[in-house]
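In the two complexes below, subunit A is the common chain; its partner is subunit B in one and subunit C in the other.
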Partner chain A sequence: MNRWLILPVLVPFLTAVLLALLNGHPRLERAVNLVSCAGLTVFVYWLLGHVDAHGIQAMVIGGWFAPWGVAFVADRLAAIMLCLSMSVGTVVLVYTFFTVEPRQERYFFHPLLQVLLLGVNWSFITGDLFNLFVAYEVMLLGSYGVMMVGASKPQVRQTMAYIAINSIGSTLFVMGCGLVYATLGTLNMADIAQRSAQLTGERAALVTAVSMLLMVVFALKAAAFPVFFWLPDSYPIVPAGMNGYFAGMLTKVGVYSLMRLFVLCFRQPGAELVLEVLLVLSGLSMLFGVLGALCQWEVRKILSWHIISQVGYMLMGIGLAASGADVAQAGVVASIFCVVHNMVVKSSLFLIGGIAGRISGSQKLSEMGGIAGLAPGVSILFLVAAFSLAGMPPFSGFIAKFVLIRAGLAGGHGVVVFVSVVTSLCTLYSMSKIWNYAFWHAPSVSAPLGRYRAMMLPTAVLVLSSVLMGVVAEPFLRLANDAARDLLDPRAYQEAVLLPIPEPTTAQTSRLGGVP
Partner chain B sequence: MHESPILRTISRFAIPLAVFLSFRIFMQGHDLPGGGFIAGVIAAAAGAMYLLAFGIGRLARFPWWRLSVLGLLCALASGFVPLLQGSTFMDHVVLDYELPLLGHGHLPSATFFDLGVYMIVLGTLMTLFVELGLEDRPWSS
Partner chain C sequence: MALVIGSMFAAGTYMILRPSLIRVVLGFGLYSNAANLLLIACGGYSDALQAPFLRDGADGYMDPLPPDIILTAIVISFAVGALLLIVSYQVYVDHGTDDPENLPRDPLS
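Here is the complex of A and B:
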């Protein structure tokens, strides 16, 4: 089955091409887009089951061998992330059917969405550092397009800033790739793990310095402190619905890459330094993110600032990997669980924000009000998602934070734990601010301004899965536990990627005969 | 812009030459320097010359972006063949054939990948030339 590992990349790619050719037939485009997303979602869930049962799966593209060819690897973490990417993607797609404007559809909204999915899936499944760079570029290309679609003036202005900051990030990334190749002689992640573990002395310190550069790149993409400033300005201008996907997925791709590289790959003596820096950054991200959210008075802005503070929680789990084996395990488990929880909850909050905006015709808290009376269903969805984000039991946010704080205390990092608890309380406060102004207070409109009921269904799916993750946490935690073990001990990963010698296939035999 | 008779006369010779050169460089790309990208650029240069000499009218009506998309499809399809044959995506397959006059030959699947690149480069560059030269764009309105 290994050769089908390419599908999470290939299907969105092919769909994007088909959708571009279908431009001008919106109904057909929607149908093709939905079928492709739903089909791939089924495949990635099957892949997760397969990886969970049969261990890490790997393939090397084009019939090459591992350290030289580009590897595609699905371990548990990658499969989990693929499942989330496709599930959230499908849900968001259904939601955008009710929000996207005909003008945006004519400007290639559907193909761009698939390009975005392509980039995100690709960065999850690739096992090669340079390929990860390419995947990031594809993802960014898609995100520029989706952000600009329709090209209104504020969109163009903010997208320019977003493109500028990401170009700097990409430049640093490609320089980092070059430096890794110069110091380690390989870009294959399994091979990096193998070679960096054998380094000593100055060489090891050099690799640590190089990896610090990569850390900055991924921290920028993840919007961690101090490189988060681009996010709160750019996310609110993304078309409604799609900002759910942006908020849920894009920063988490950065977090995922940090986890993949600094927990799995860089293992030279002294590599803990980067993790310790991450731990400090995580505390600052939480604090600054939530403080930024407290002084905002617009729903999408508040939610955008919260992304930064939530990224802090995930980084804290990764940072704990510098401590002893048990704490590292617990920290990475907590980080994975935080990522999963946050992708679902954050996306759903943005979708709810879109519905609230549709009902009251504004995103400013001062111009909203009384949604609880106008649309009780929406307010229940918001309450559940907001409580989950703040970490109230029995929702998924509680489990995520509980595991994380326990790991932090076990590692003796009292300060970060304290910061995370304070952040949690502030999150609750700023969520109650949205609740007070947008959902209670006197209604600003006498009846909902737009039709919103159909938009509730995809949103409810996300909110319910968040509740499910909190109530039936056991299987999810078990999966996160196994995924963390795969990351902390690279042997299984290396065996899967570096060793297999493929049997000669029909195509290869014919090649041997075909070339003179 | 002013339509220059000198430019028109030269381009009557230069454009067919450039198109031939583009074809030649594309074909030698498998074994020698050349290939889809540079051949596509040369073909687009011929297109640019046409636009300068004869105005934006006729070439602008062709939906160039569709050519790019078809090129992408072509390049992707070349990777699919080995996948369906039981090998990995983008593996290399060679099609051997026997033709009445040309005799024995082989056609590697990489040719179709390169053809895709050619189409993408030509299509994208021409889209840019036409879009930047047009007052009213066909997609807006």
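Here is the complex of A and C:
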């Protein structure tokens, strides 16, 4: 029993409370926030090493054994995600020290940031479907707060739409939880994997239908086709710096949940149908995302549309899990690697976009220009991150796409592979458009409008780690490989979560006859 | 029960699709309550079943977990509903209209 697993949730929670009390002392708030983030980052890296060495760690809360109690489970995938969440979170926090306005800090920017981290970490580490819903709500409430912190008119207007769409998604999520409980009689993820594998016939088809509802919910959060329309309208409005965290983490929480539920949990006969649907959606997401990006002329908008096409790559990896064992393994590895690569690169691109905006005073390509001459360092960072996103060797994006396309070809999914290659080319074109208009061309300003040098340090950390992932890919791929194996074969996960306990004697009643 | 849930969802969908922010908020309220009713239905609601207290002569008891889930869901939908209401009011104050069609176009482009 590893009770330290509560820390990634408990620390942000206590810090948020403390920061709310400290409101009005910006220096102290920043210090507390940074210490908390950095400390937790160190812990989650230790956790990753521990899980990698000693296998999956699990704890149940309140002495109720799983599957009844709420379980917190750290397998390799969850630990990797926690590491990324906290690293990107810390880097973004340092970056926001240079961008956040005093008005935003007064309106509880720091506590809201911690609430957001709390929700994200929680959704990674929980092993219970309904608990995942609660984690999502905490994350979403934090993100609503951060999105409209300071409450300027455009912020409030765009956040309204974001809240409305997400609250409808949450309602569907609650329904999905209820229906899973009605059909399977459990909400614990390890137990869902166990029980769904035993189903046959109509029962299995019913569970597949219910899981399809959950698929829609997570596709909405991940901004996959056809439910992506909310993202390009809302992300650009997030305060500079924080949009790096939003872009890097929030959609990936949806992708992570899809991976967790549809690769690990739902194993009834016919569950492949959901994965096949995901594969089709992935191709459409890639295509629509990149086409949307091509017709945008605002840096943040272009980058937001690219999130959608990148989510397509991750879904493609998950979709490949429906194929044979080897292809499934390779697909999930590719998907994990894409998520990791994208969290780092996408965040850094948004941070660079923020710096470019600071230098030229605008985010519109028509009003930018000549940044390569004004700030050569920033342009090098952009070039590296953009090439990495487009999948040029030797950066991490190349490895991610290479593994993915090889898996796709091995599975015989030529169409999706073709779409992904075309999308890659269009991404390169779209990045070169930003490069062309914002970094080359005649300078729009004679000197940088704002101080930007300090902002480069946190950005450079992210860009460098992306390069590192590409150049020294071996250990990262090995980790992704092990994480994928844990997902595809649920036995280790079940052993860690479900303790051998006697079967309940009294039959519970459920109208749909969930509990046998 | 199924009819009630279905019509609440239909009404909620209709409200959300109306061009008015306050109706979106109310539609969300209908949605979340319809979802709660659905959870009750999932839990095997019936007059014949009793609360889960052990005593002699009880044939079966209601599953306590769905009410538990509903309780959590009510609290959360209450918080989100309140936030949604405040934000839609602020949009109304800022722009003098609650018709999304009349709001200024995307402020960034």
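In the analysis below, the second predicted complex is superposed on the first by the 498 of 516 C-alpha atoms of A that agree within 3 Å, B and C clash if a C-alpha of one lies under 4 Å from a C-alpha of the other, contacts with A are read in each partner's own complex, and residues count from 1 in each chain.
We take it that contacts are C-beta pairs under 8 Å (C-beta built on N, C-alpha and C of every residue); 3 or more make two chains touch, one makes a residue touch a chain.
The shown structure was predicted, so the numbers you read here are calculated from the model rather than taken from an experiment.
Within the superposed three-chain model, A:L21 lies in touch with subunit B and out of touch with subunit C [touch as defined at top]. Of the two partner chains placed by superposition, A:L383 touches none, neither subunit B nor subunit C. Looking at the shared chain after the overlay, A:F13 reaches subunit B, while subunit C stays out of its contact range. Using the contact criterion defined above for the overlaid structures, shared-chain residue A:Y107 touches subunit B, although it does not reach subunit C. Shared-chain residue A:G62: touches subunit B; no touch with subunit C.
With both complexes superposed, C is the one of subunit B and subunit C in contact with more subunit A residues.
Contacts of A:R3 after superposition: subunit B is touched, whereas subunit C is not reached. Contacts of A:L206 after superposition on the shared chain: neither subunit B nor subunit C is touched. In the superposition on the C-alpha atoms of chain A, the part of subunit A touched by subunit B in one complex and by subunit C in the other spans residues 507-508, 510-511. For subunit C in complex with subunit A, the residues that touch the partner chain are 16, 21, 24, 28, 31-32, 35-36, 38-39, 41-46, 49, 60-63, 65-66, 69, 72-73, 76-77, 79-81, 83-84, 87-88, 90-91, 94-95, 100, 103-104, 106-109. By the touch criterion given at the top, residues 65-66, 69-70, 72-73, 76, 82-83, 85-94, 96, 106, 108, 139 of subunit B touch subunit A in their complex.
Listing the residues of subunit A that touch subunit C in their complex gives 130, 133-134, 137, 140-141, 144, 148, 151, 153-154, 156-161, 163-164, 167-168, 170-171, 174-175, 177-179, 181-182, 187, 233, 236-237, 296-298, 300-301, 363, 507-512. Of all the residues in subunit A, the ones that touch subunit B in their complex are 3, 6, 10, 13-14, 17-18, 20-21, 59-63, 106-107, 502, 505-508, 510-511, 514-515.
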